[in-house]
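First chain A sits with chain B, and in the next complex the same chain sits with chain C.
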Partner chain A sequence: MISILKALWTVFVHLFKRKVTVLYPEEKPYIPPRWRGRIILARDPDGGERCVACHLCAIACPVDCISLQATEDEYGRRYPEFFRINFSRCIFCGYCEEACPTYAIQLTTDFEMSEYNRRNLVYEKEDLLISGTGKYPGYNFYKVAGLSIKGKDKGEAENELPPVDVKGLMP
Partner chain B sequence: MNETLKYLLIVFGVLGVMMSIAAGLIWVERRLLGLWQDRYGPNRVGPMGVLQPLADVIKILAKEDWVPPFADKPVFMLAPAIIVITVLLSFAVVPFTPGIAVANLNIGLLYFLAMSSLGVYSVALGGWSSGNKYALIGALRASAQMISYEVFMGLSIMGVVMLSGSFNLHEIVEAQKRLWFIVPQFLGFVVFFIAGVAETHRLPFDLPEAESELVAGFHSEYSGMKFGLFFVGEYLGITLISMLITTLFFGGWLGPVLPPVVWFFIKTFFFIGFFILLRAALPRPRYDQLIRTGWKLMLPLALLNIVVTGGVILAAR
Partner chain C sequence: MVTVYIDGKPYQVKAERNMLDVCLSLGMDLPYFCWHPAMHSVGACRQCAVKQFRDENDKKGKIVMACMTPAAEGTRISLKDPEAMEFRASVIEWLMLNHPHDCPVCDEGGECHLQDMTVMTGHAYRRTRFKKRTHKNQYLGPLVNHEMNRCIQCYRCVRFYNDYAGGRDLGVFGAHDNVYFGRHEDGVLESEFSGNLVEVCPTGVFTDRVLKKQYTRKWDLQTAPSICVHCSMGCNIIPGERYGTLRRIRNRYNGEVNGYFICDRGRYGFEFINSPERIGEPYLSSGDVPSGDILLLSGKEAGDAKILKGRKILKEGEVLPHLRAVIGGAKGIIGIGSPRASLEANYLLGRLVGPENFHPGFSAAESVLVRQMVSILSDGPVRTPSLKEMAHADAVLVLGEDIPNTAPILGLALRQAVRQKPMERVIREMKIPQWHDYAIRDAMQEERGPLFMATAAGGRLDGIAAGVFHAAPDDIARLGFRVARALSPNAPPIEGSFTEDALSFADRAAKALREAKRPLVVSGTGAGSLAVLQAAANVARALWEGNRNAALSLVAPECNSVGLALIGGPGINNMGIKDAVKAVAEGRADTVIILENDVFDRLDLPDVQALLRARQVVVLDHLPNHTISSLHAGCVVLPAAAFAQGSGTLVSSEGRAQRFYKVFNAPSGRTAESWRWLRDLLVDLGRPGSESLFSLDEVLSAMGREFPAVRGAVEAAPAADYRIEGMKVPRQPHRYSGRTAIRADIDVHEPKPHEDADTPLSFSMEGFEGQPPAPLTSRFWAPGWNSVQSVNKFQSEVGGPLRGVDPGRRLIEVTGMGRVSYFTDIPGPFTPRADEFLVVPLYHVFGSERLSAMSPGIGELVPPPHVVLNKTDAESIKALSDMKEARIDFGFASFRLQVRPDPLMPRGVAGLFPYGFPGLHGVVLPAWGKITAPENARREKEEK
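For the complex of A and B:
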């Protein structure tokens, strides 16, 4: 009997306690920087697209929500002709980001992606591309890769030695 | 003519006020439960969320009115109406102020007990006609619980009747002019309150609809507005029991300065709040504990109350 009255009093006192609810739209919660939210495509420091259309993200994706088509520009640089992510399928696992060899595809802290129309959840390349470098500033794939494109031959990349003459006898 | 109009106004006024209180209690209960659980509860629709019941009603009316194919259709449809009708009929005898009461019945208290007994039919028939074993178990529990708690609910208010010498609720309030009956009839109040909680099968005595064991008990198969009617009946029941506690033990409309109606509703809402606090704080007892408490503790207490009150009245004469 006494314990029942005590329980009633304890609960009643909670009327005046601070509430734990975060009133969301007015009060934004703290989002950790490594949050896996909306996917973006980053650019080089020079402004070119980082994506080289290697399809690794599409292969890594467990729900097959990424689809893209590779093509080449006149410099011999590969880039995606279209790049499409269906966010109504995406499970935000981040495997695409792990698979990406060029830091192009990245997950961000944005999670407010609600739509009234389900079709609007299919993001095209224009929707995905951002103007900055995202989480990895100063990285430019074609400047460090030993791949020859127009205007940059083998051995001309940063920290790259000239190619070895495999037929020579000198060490 | 004028007299008729006045009575019509009272009848429809009471009906309207009761229905809006029952709807408003949805918001009050959710809000209070939220606050007691360190949350806010519904606070988006309208100022402080007071329009939440409106949104709920629109939603529930727009739902499909579905009757399961294995249910006994006519009884299934009838059951939710019974509880609302019986509880609404009970409000006829509640004296809000000296002037405002639908019927000044000389056996008002007996009439209330009769109506609340009829309410068992709703639960029993609803559970039986659903054709579902959980619903049936819930209905059986509800019947046993309501019948056994009915016994000493009636006995617990006999002390009040003895002191005031009347079954008329109006005269019972008048008899409390000098001293509210909560003082001489404290035991009767405690027993009546517990019986009232069990009668409306509210937590902690919500065994007929114990979610953890019986899905939703007797209304497992109900949806849409038919389920809504059970809910309205429950909230009306809370209001009715609170009003009767006010009338029988806390001097009804009596009180200084403020107008009688205001006093009546202040006291009523205090007890409604207490009902919700019970729900927020207490766990549900086991079924055998509930019945054992009823017959082995509450019934003797009610009888003791009658004997002592009768003895004191005889000695004072």
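For the complex of A and C:
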């Protein structure tokens, strides 16, 4: 009996507390920038695809919901031929972003992804690729990598000397 | 055995080892780069540094290289000494000064020895701000990719390519810290072992260029243990699949067979499996071939989709009833087996058609040769050695077989064999341990042990041979008989004269073999001559009388020729597939079932026509070939799984039965292993006993009961119900990615993994995670060792057998006293004919095996076909010298080919090179043929 009265009293007291529920979707909640929501694939500052198809996000993913195939353009620049995330499996853990050596895969603040049909939660590269650099401006993997691509030959990356002349015998 | 102390603990180890080898054999983790288990120590990279102490009172110690420190009694070292650990971390740091920021785009990533060693030493942050040295890359051909920036100057590549495999076109250029590993200019790497650079190089300098087209990381490949099907040596391989296509092949260590290396044909020959022309569905041929007239199609046309036009696809459920009707309505059925199909498939075909109607798919000549070969090995007194034993032979005679082109890995073994004798001397006289590689090589200089080569034309091993002799097959055989006689008075005497060269060759070879401790005779079916095989048997027998260590190795033509000979068909006098032709021609049979075989390779053209005129022909195969495109309307074609898409057993030249496992299911879904088609048919027909032929194991044991000679095949690998801790062995690595996304575009519900009732392997990442028994090892990986170097952890000791025992089961062992005695059928000297040439096959590693030649990478390296003639012969053919093209006429078929005059070619003999080129069909070699200048070419010339 006493416990029931206690409970009723608690409820009554709460009537005078400040409301925390918001009228979503009319009222948008504050989402911190490090929120782990919808995943995107970013581009590098030159507009090229940032993803170099290294498969590290795929192996890091605990639910194995990333699948891709690497391919190369005629100059040797590697990029994903297809890139698929099955969001109906994703747990938004962010491991993929952590594993990515190029800042290509990023989790964003968008969480409004609900679908009636589970199939629609399977995103392909076209659905993932955005036109900007996302959270990490400035970084361009191919500018620091040793691999040569179109417009950047050996020795032209940051912090590189021109290619060695192997026939030279100078000390 | 000696006692050594590692970090204070005593261990009993073998004395003739070095401390790196000892540490690794004991399962410890010690980083290294320049040392390689097959190429031993040079002490160049300084990575394996440890602290050595004089005795238990020495607390100071000194830093030494473990790989250069002999395991002597009382040796004391420490791996964990802080100074040694710091030294090792610093070495990595120096190596990384110039290393590019490439891992994410590097094909070595994830199985990189440099990555593993970097993690092992703990070097994690780059402290230097200097600029990095860069290099230009080279084009090295279609198989190997070059990315020179990643080099850490360990010298393994040149040590393997030049010192171990005898290559000449890879070198070190430059000076001081600018050394460059590559060719003198861009160009295709010449060695047929170039692909091993991919595994030997501890970094991403040399990577797999074929894999690069559809790059996949090691952790994403579904793999299973398999056997190479591109020659008869039976190298163990690991094919890897992703997204329904085969991506690459890696070497699978087997201490007795291929060891650490495979040839490029084995590594890159797999691409045919992904061909868009693969037969994917059972169908009835449209018979678009002009009736009664079978055309000699060029290779291009054979694969042309045009031929498939108009065919009628048999739907699910239609196939077996149709076949039942075909077999029910037959007035006699003939089965033609295949030396490239599994034992199981051949056995079931024999069971379907009855033993008297089963013809192994050998050509008549081949049939005689392979049977003779098996009888020499099983009934003769001389043992057939494993590849490992052959690499340790100290005197070798090769009779008639072009080893580097017909059995490449045996060529690599012989390259090691010529080092044995001088190496033993150096070890004995100078007391240099065997693992001290550069010291041994320096002391040996160019000295080589005896290798004697008698072949039709010049070959790549000639350069390291103590004697070479080029002659027609009969003369090679006579030479062999002569050597045998020189070795033993019991060998048959030989009449007739010999050239000066031949006599000196025979005497020197006989002397070297007699003096050797482990002499080896190598021959095979490649020369197409029975006399050559018998001569080799005589030499081996004569040797054996004085030395029980003598060994005889015979090379069979295809991956399962020996297996087929052990189970196949009527008697030794069997004429192979020719008997089948007779049965059809005489009306004793009107239905022919052809298993994975192109009869155009086995029969002369008129015989092919006779055979394919049978009322019904059923063909099981992977790819369209001449047989399939010549079928008349209504014949049945069934899609057969290629090697990595099925499980079965093959028997190598050594007589070793080895199981290969299905790596993945053929994407078409209707493709099945040949044995499964035949099994289904047997069950469908309600044949007695067929109900107990459900699984591969049941087929194997039924075969073993019927053919005791192959009973051992059952034990070649664990049975399907084998479990470890109640679990199957997974085909997918535990890091396999994308499981819930691969098929998500088709269906968000992941399908159940394929069941595999035939093997202890599962199509999943779940299952036993530790090391399975050797025959079930699908990949080499150990914690901290992602690269192929992890193989150290799978061996009982470094370079020794895999834990347990090396996979495979030898089916042919000598019983002591041989039933086969000396052969006495000595041919007379070869006499060139006035108007005809003896046309012999000349092989090339790329091109002489059809399936690999259909792979784009290998296909690019197939040399253009031509006919090789002795210079004088070529000049003697009128008008030929300026035409450069000749017509080779066998009566029923003729070919036009470029002529290549060669002073080494014997007179009166013409070599077709590379044997097996597209378009060479419908003629079985060796054969006599006329060689003339082509008609129209001559006419054109006259008109001018």
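In the analysis below, the second predicted complex is superposed on the first by the 140 of 171 C-alpha atoms of A that agree within 3 Å, B and C clash if a C-alpha of one lies under 4 Å from a C-alpha of the other, contacts with A are read in each partner's own complex, and residues count from 1 in each chain.
As a working rule, a contact is a pair of C-beta atoms (placed from the backbone, for glycine too) under 8 Å apart; a residue touches a chain by one contact, two chains touch by 3 or more.
If you're wondering where the values come from, they're calculated on a predicted model, not measured in any experiment.
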First (chain B), second (chain C), both or neither touched by A:T21: first
Which of chain B and chain C A:E124 touches, first, second, both or neither: second
Chain B versus chain C as contact partner of A:F12, first or second or both or neither: first
Greater chain A contact set [chain C / chain B]: C
First (chain B), second (chain C), both or neither touched by A:V52: second
Partner chain(s) touched by A:P163 [first = chain B, second = chain C, both, neither]: second
Touched partner set for A:E72, first chain B, second chain C, both or neither: second
Partner chain(s) touched by A:K150 [first = chain B, second = chain C, both, neither]: neither
Overlap of chain C and chain B interfaces on chain A (superposed complexes): none
Parts of chain B lying in touch with chain A, wherever the complex brings them together: 35-40, 277-278, 280-282
Complex interface listing, chain C residues touching chain A: 100-105, 109-110, 129, 131-137, 147, 149-150, 173-176, 178, 180, 212, 214-217, 219-220, 243, 735-742, 744-745, 748
Residues of chain A defined as touching chain B within the complex: 4, 7-8, 10-12, 14-15, 17-21, 23
Interface residues, chain A side, partner chain C - complex: 52-56, 58-59, 61, 63-72, 78, 84-86, 88-89, 101-102, 118-119, 121-122, 124, 141, 144-147, 154-155, 157, 159-164, 166-169, 171
